[in-house]
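Next up is a structure, given as structure tokens.
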Amino acid sequence: LGASAQSSVTLFGVVDANVRYVKNSGLSSNYGMSNSGLSSGRLGFRGVEDLGGGLKAGFWLESDVNADTGTISPTGKMFQRRSTVSLMGNWGEIRLGRDFSPASVHSFKYDPFGVIGIGGQNVTSRIPGAIASYYRHDNAVGYFTPNFGGLQAEFMFAPDEQATSNTGRHMSGRLSYDNGPVSVSLSYGTTNVAYNGTSTGKYKQLGLAGSYNFGVAQLIASMYRDDLPFGTYGTAGVTAGSEDRWLIGVNIPIGNDQIRASYVRTNARKGTAGYNDSDADKWAIGYVHNMSKRTSIYGTVSRVSNDGGANFAIAGGAPTPGGWSGNSTGAEVGIKHSF
Amino acid sequence: LGASAQSSVTLFGVVDANVRYVKNSGLSSNYGMSNSGLSSGRLGFRGVEDLGGGLKAGFWLESDVNADTGTISPTGKMFQRRSTVSLMGNWGEIRLGRDFSPASVHSFKYDPFGVIGIGGQNVTSRIPGAIASYYRHDNAVGYFTPNFGGLQAEFMFAPDEQATSNTGRHMSGRLSYDNGPVSVSLSYGTTNVAYNGTSTGKYKQLGLAGSYNFGVAQLIASMYRDDLPFGTYGTAGVTAGSEDRWLIGVNIPIGNDQIRASYVRTNARKGTAGYNDSDADKWAIGYVHNMSKRTSIYGTVSRVSNDGGANFAIAGGAPTPGGWSGNSTGAEVGIKHSF
Amino acid sequence: LGASAQSSVTLFGVVDANVRYVKNSGLSSNYGMSNSGLSSGRLGFRGVEDLGGGLKAGFWLESDVNADTGTISPTGKMFQRRSTVSLMGNWGEIRLGRDFSPASVHSFKYDPFGVIGIGGQNVTSRIPGAIASYYRHDNAVGYFTPNFGGLQAEFMFAPDEQATSNTGRHMSGRLSYDNGPVSVSLSYGTTNVAYNGTSTGKYKQLGLAGSYNFGVAQLIASMYRDDLPFGTYGTAGVTAGSEDRWLIGVNIPIGNDQIRASYVRTNARKGTAGYNDSDADKWAIGYVHNMSKRTSIYGTVSRVSNDGGANFAIAGGAPTPGGWSGNSTGAEVGIKHSF
């Protein structure tokens, strides 16, 4: 192990594991180990090359890391999180490959808990289970404008790669303004989807969010509207339809540490009467003790209250039987280390 | 991210993604994203240790990288491209593990487009679909002679690992001469194969190729003879038999850039009358703009003309129905970045 | 490939491939390539961060590398060997994730051949085939005491993650003393297991081992008791029950090289009369030529003698038919390179 000589690759990652307890009302409690309670586990390889004249080239290959079990992506994709090659100039960035959708950026950027752990807003969403490409798209062409004093836009187009159908085609964009304490963001996207076996339609994503950092606390508010034909999706047969999610959250610095809290309201829409009633609320609060910039220990508690026939439950609890529509309470304590 | 200290590992790779358009005659056109149009996507770890006295040890672990989708090998092999450990001395190199066959080196070395992208010669070959180990072999023992003024030979033996059958056994060798503008190569290999479910036979590979660099252009010519019993191969049930491929190609430098072009003729042989008639021609031309040694943008156009009942089509087009035997035209524009 | 700057990650690994010959008595001999005859093939990423005040954080992600075929874990786990995040202080180490069980450490630490290659003690054990988590456990919480002058203890608890059953729950511990020439170790573990389809019970592991380095030779002795309900295990339907294994081994240094040898006796217990008779002996001897600290070439010969109806055979030989209970003889010659 002597002296190395590679500026062309940066190796980076996050390993995050926690012990989680979940109690679904009326059922046995359960505990186990989970991962990515503070930051998504990952292992990545990335680099940027200066081509001169303001031009740069870059690549980014990033895997999941599920520290509790040693697995990566459940879909079998090695670089599930991102696999892109880019050209960058004073005109912005062109990016080709698998990447995060501009239409889904809200879901982690404007949530004190991101979309992960027991606190994340997607605990009470049917959409990630119904739409496999909810977060990321294969075959995507992305364009990012330069940053104009905090104002920036990004666009993605992912072709369907099908000669006689549009299923899978994705278009999305996001406009954001980040300057000092202020951050606001508006996004919209459409994906052609198949449902009920043979029907096709459009899944539309609308996001509006903002945050303001008062110093003593950062306040966050976000609204997410997932608009999709009511029906059965995917091979797992998830029944889903339109859904709104409102989130109010706060990050409170305590020295180097942080308190984070959020309230999420999920409102089912445009389906059957029963579906429309199946709403949910979620409260979450957590503490993050930052031992360094790279290492933190954290604890989170969270509670889901289902309305109507909604059956959202924190992952890791006792399996919920048909007709269950109670409360789900969770707690997790973990370690996050990045490199 | 402080200062590192590892001479023992070199991390390297290629990320190459492109936008591809394909039109199969009589069918809808299609477009999408593909990968590896200029250089095969890969992520690798390799190293060489000096043992003193002229001896060296080395290792090489190399994965596929399909940047468009974030996947690696379709076969599920992590180090599909190569996984070897070597000893090297003034007597040559002994190499153990999974590696490229000397009998297949021609297919990428003497082709302006390699075997990849829409320009590669294997677009009009049935063999890679029929013989799973066409390019690479597991369990291989390789020997490479020293380089004697440009003259070098390499050999591979991959045992079948079967007590009561020879199926899978591979032997191959290659003799090459590379000196200044001249490069010539002769290779031969045999692999024991199973076909028609229970029949066994020998798949014989013969390659002869050469190139000469006139400065204003490098001319390339290659001949490939794949000789195998006519029948049905593999779990996908590909019908294949003997096949010759002739290639004439050219690389023309334009400053740091490059024009590349090739003509490939595929001639089916020794099968049924219908099979023997199912030949094909392919033209391809492309331009490579090298932005640096590591980063290029490229564009390629290619056209396959099928004869008899041949049904070769550029990947990514509309699926060709039974009986289709038209033309396939493709274009792709992409970015390649290596590290 | 310029100068790098990453102290946060150490990339490490082993690539080990060999040519193996196996003769199972009464059957055709066979040869092929295998891997990990001297050291388990691996590719890993690890790092330690100093948090100040005696505290440290660390991570460890480690894959298998099967150099002969380019594959990693047969179970599809990317980081099959280890995926953990740790906090370390003068109070010891807390470790979360997938890791090696304290109850299985004996099997490689007190065996001149580890548990790998044709010489490893587990060639004559039914347990690794019956109990999938024999060596490693997902979801594990580990604790390692500080080292008190050579005395150290480690504990692991891996929850079952099941609300209405204990199947999969694992608890284990190990107490060891390593000081100068002396090494002794005692370990115990229990895992709740399912067998015969629907029955449940406890798999108990007891290990006691020690070694003494006389300078001219290191002597090793170990006893392993695997106590589990007699029955059929796993999806492969392996019939197994309790089993004792005694090992006597020796490592003899010859300059920088090494002779290693072992005798293993496997005694089946607490099953049917036929099962109890199915015992086995194994002899192994090998030579390791260390070309450097990182590179070795090695050769091993090994012979298994089955008693009663035991049918242990060295991997890679002709498949043994039902009722076979002969001898299995193997030889392998390989290269190991670490980085």
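Order as written gives the chain letters A, B and C; numbering starts at 1 within each chain.
Here is the rule we use: contacts are C-beta pairs under 8 Å (C-beta built on N, C-alpha and C of every residue); 3 or more make two chains touch, one makes a residue touch a chain.
Just so it is clear, the structure is predicted and the values come from calculations on it, not from any experiment.
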item	value
Same or different residue numbers at the chain A/chain B copy interface, by half rule	different
Angle of rotation relating chain A to chain C [CA atoms, steps of 5 degrees]	120
Length of the line joining the C-alpha centres of chain A and chain B, rounded to whole Å	39
For chain B, residues that touch 2 or more chains besides their own	1, 4-6, 8-11
Of chain C, residues touching chain A in the complex	1-6, 8-11, 45, 47, 49, 51, 55, 57-59, 61, 76-87, 94, 96-98, 138-141, 158-164
Chain A partner contacts - residues on chain B that touch it in the complex	1, 4-11, 13, 15-19, 27-33, 43, 63, 65-72, 291-292, 294-295, 297, 316-319, 334-337, 339
